[in-house]
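Chain nomenclature is as follows: A, B and C, assigned in order of appearance, with residue numbering initiated at 1 for each chain independently.
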Amino acid sequence: MEKLKDTLSQCYLAFIVLFMYAPIVTLVALSFNNGRSRAQWSGFTFDWYAEMWADQAIMAALRNTIIIAFVSAFIATVLGTIAAIGINNMRSVSRNTVMSITNIPMLNADIVTGISMMLCFIAFGVSLGFHTILIAHITFNLPYVILSVMPKVRQASKDTYEAALDLGATPVQAFFKVVLPELMPGVTSGFMLAFTMSLDDFIITHFTRGAGIDTISTLVYSQVRKGIKPTMYALSTVIFLTVFVVLMIGNFAPEWLKKRRK
Amino acid sequence: MSRNLLELQNITKSYDGQLILDDLTLDIHENSFVTFLGPSGCGKTTTLRIIGGFEKPDKGRVLFDGKDITNLPANKRQLNTVFQKYALFPHMSIEENIAFGLRIKNKSESYIKDKIKYALKLVNLDGFEKRSIDSLSGGQQQRIAIARAIVNEPRLLLLDEPLGALDLKLRQEMQYELIRLKNELGITFIYVTHDQEEALTMSDYVVVMNQGYIQQAGSPEQIYNEPENAFVADFIGDSNIVPGVMLRDYLVRIFGAEFKCIDAGFGVNKPVDVVIRPEDVEIVDDDDPRAILHGEMTHIIFKGEIYEMECTTPDGFEWLIHSTELHEPGKKVGLYVKPSNIQIMNKPESEDEEALGVEE
Amino acid sequence: MKNKSSRYLASPYIIWIVGFIVIPLLTIVYYGFTDRSGAFTLSNLAEILVWENYRPLYRSLILSAASTLICFLLAYPLAMILRWYKIGRGSIIVFIFILPMWMNSLLRILAWQTLLERKGVINGILTAMHLPEQHLINTTAAVLIGMVYDFLPFMILPLYNALMKIDDNTINAAYDLGASFWQVLTKIMLPLTVPGIVSGVTMVFVPALTTFAISNMLGGGKIYLIGNVIEQEFMQDSDWNQGSGLSLVLMMFVIVSMLIVNHFDDKKDMGRGGVI
């Protein structure tokens, strides 16, 4: 009986893993396929990677994606961390109002958030382009940063800050030497969350980008209509691999280090 | 002697290659209050979980009322458990919690209602039916957990450190409650604790466990007065455990001084461990003829009913002494122990045996 | 950390959210309730009653409900198995099941397109085995698979978190009191994981209801959803008033569905927690 339960459970886990990863593995395999056919293996090649590397549009989109993700996550992290401290010190009525507004982009449908920003930009005469994507990404990243930092702000005791002041630190010194280190775990996880959210976004970027600028997501979306080129598979492989490695390091490196130190 | 309700036969259990229980055999009599006592990791909770049906032993059998229940799942056993942190169902009211087992058995609603009323009365929480779990204190949650178990009329109730999370005063109160409950219900209790005082107060049979072995099993008096090995002596109350040599029957040498004792049969010039309870060490004047050892008082703490003192003898051993009489640090004193208060134990011969204790 | 002056630290943020959340929402409300000349009208909202708009909304509701249900039915047993094996948060196995959450969703949809296309991988394999080609892409089923595939990790994570929170002894206590596996599932596990279920359902249902990329890439314009209608209003027809009106209707559906779902959950925010 236990044996049967064990076997069935493991089969089920395997089934879900297969469902989740078979499509991804297929893409990876096709990125090395020497030929345009999706059904036939015509030998191994790196040609698509070379072609991808030479493709101006893909490289520009890749650059945009990474710059936007990094800059928007960074600005959102700074703005959001400072905001979290401020919000925590507000009276409960205004705090609740601010937090409800903060939650809107998380709860609202992305399509509505994207459209509303696009309309607003156009209505106020702001031309769409790199900067509007950046503003939009900062906006939807902010709640993730605040929700990651907020619990740490609540935990951080008033005592350590006051102890620092008591020992002669200025408020600014006290903030950087005592308060910030205490918030740091929340700040880094907020940054990571914001960064990956931004990398992954399609819908909001789709509406707030102007003509002539693409991120990976919008590029894929427009390419799909014209027919997929195998360079897309090479690009997918590179991105999947990067995400995998970055998340592996982010998740497991601290533990490995701890174990090795022991 | 009453009959056996539960028999554990050669129970062996290991996790990840680590032996938790090694060939454990134990009989539990109907209608007794049995306590498994030991430090954390000694295997007492694992034993309870095997009886409850939440673990299967690697080897050995569990007999309940003479029938083999080793492979019977938990939901088919005629016994119930009161869990360490109560494990009440947080999404149900008190009433629903207590009714859970009865509804599973499809009892009539009027029967269930009567049972809830009876059980709540028994645990002194009449009228709490509709309250939510969150509104209860730890002690009250504990009572509900007991009520939830006993409405099912188990023949055996397992309690896993049920008082561990309560504060001292509440714990003492609940100890009396549990004894009363046990007497009113007339069923068998198996109680797990690491608190030796709790074990001695409540049970009529104590099983001291360590490292997967039963170190000693017996009445609280036996366990306290005649510990069979150094582990039991050390674990049950404070004691002075000192190396000694059994010179011959009824005479033991400790730190060069000869003490009369009442033990025999250890042989001649045999190294032994000697256990002397702190309250059995008597302080006499330095020049008193009764004094067997001489030393100097070094520490004193006032504990309310008694003074806890330490007296260092020239060989450097610090004797722990409990007495109502105050002896200031620095004072030179003589020490005396009545022969009947000296407990002689076999010295373990190897490390392995130390773990084993004097099992059989 | 509590003093009066530090509350002003939030000011830049407040200016930001007013500028980029509140005002844009007011803008969409303004466009939604006016016509091209700027006069007040309800006709943009009433557009939803037109067959070409009503039909995609209905289709969206059905498909998102179906994909949410399928995700739940796939994820709950999975989360239970992970719990049963006591696989902790930090383990690689859990990591594997939520990793796809971080992989660009468009690329993952692209993968399914590659599998399902007329000359795609699945048909290629079928042909190689001398079996007839199947019509897979541009069907409702393809869109449904895409939704389930895209959003499944968002169901797994909250369910797993909620199940891992249940104390072992709570479940043991139920068995101890005579409950069968089925009774433990329905009377203990499901009620105790309601907050996680609510999170998971919200995280799958809302994006599925409003998607236009999945239907576009796997439905080939044939499976037209409300998201596609709205997207076209803005990107092709450029009728902002009508588009805004339909967006507001969609937003109302999102809000109502979230209110319904949240109604089941009296203790909020339990299963949510961090991601990875």
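Just so we're on the same page, a contact is a pair of C-beta atoms (placed from the backbone, for glycine too) under 8 Å apart; a residue touches a chain by one contact, two chains touch by 3 or more.
Remember, it's a predicted structure, so these values are computed and weren't measured experimentally.
Asks: Taking each chain's centre as the mean of its C-alpha atoms, which one ends up farthest from the centre of chain C?
Replies: Here the answer is chain B, farthest from chain C.
Asks: Between A-C and B-C, which chain pair shares more contacting C-beta pairs?
Replies: Between A-C and B-C, the larger count of C-beta pairs in contact belongs to A-C.
Asks: On a C-alpha centroid basis, what's the spacing between chain B and chain C, in Å?
Replies: Centres of chain B and chain C (C-alpha means) sit 55 Å apart.
Asks: For chain A and chain C, what's the span in angstrom between their mean Cα positions?
Replies: Chain A and chain C have C-alpha centres separated by 17 Å.
Asks: Spell out the residues on chain C that touch chain A in their complex, using ranges where they run on.
Replies: Chain C residues touching chain A: 1-4, 6-14, 16-17, 20-25, 27-28, 31, 74, 77-78, 81, 84-85, 90, 92-93, 95-97, 99-100, 102-108, 110-115, 117, 119-121, 123-125, 127-128, 149, 152-153, 202, 206-207, 209-210, 212-213, 216-217, 227, 230-231, 234, 240, 243-244, 247, 250-251, 254, 258, 274-276.
Asks: Tell me, which parts of chain C touch chain B in their complex?
Replies: 167, 169-170, 172-180, 183, 187-188, 191-192
Asks: Note which residues of chain B are touching chain C in the complex, please.
Replies: 52-54, 73-77, 80-81, 83-85, 87-91, 100-101, 104-105, 148-149, 152
Asks: Under the stated contact criterion, what part of chain A meets chain C in this complex?
Replies: It is residues 9, 12-13, 16-17, 19-21, 23-24, 26-27, 30, 37-40, 79-80, 82-83, 85-90, 98, 101-102, 104-105, 107-113, 115-120, 123, 135-136, 138-139, 142, 148, 153, 156-158, 161, 179, 189, 193, 196, 199-200, 202-203, 206-207, 216-217, 220-221, 224, 228, 232-233, 235-236, 239-240, 243-244, 247-248, 251-252, 255 of chain A that touch chain C.
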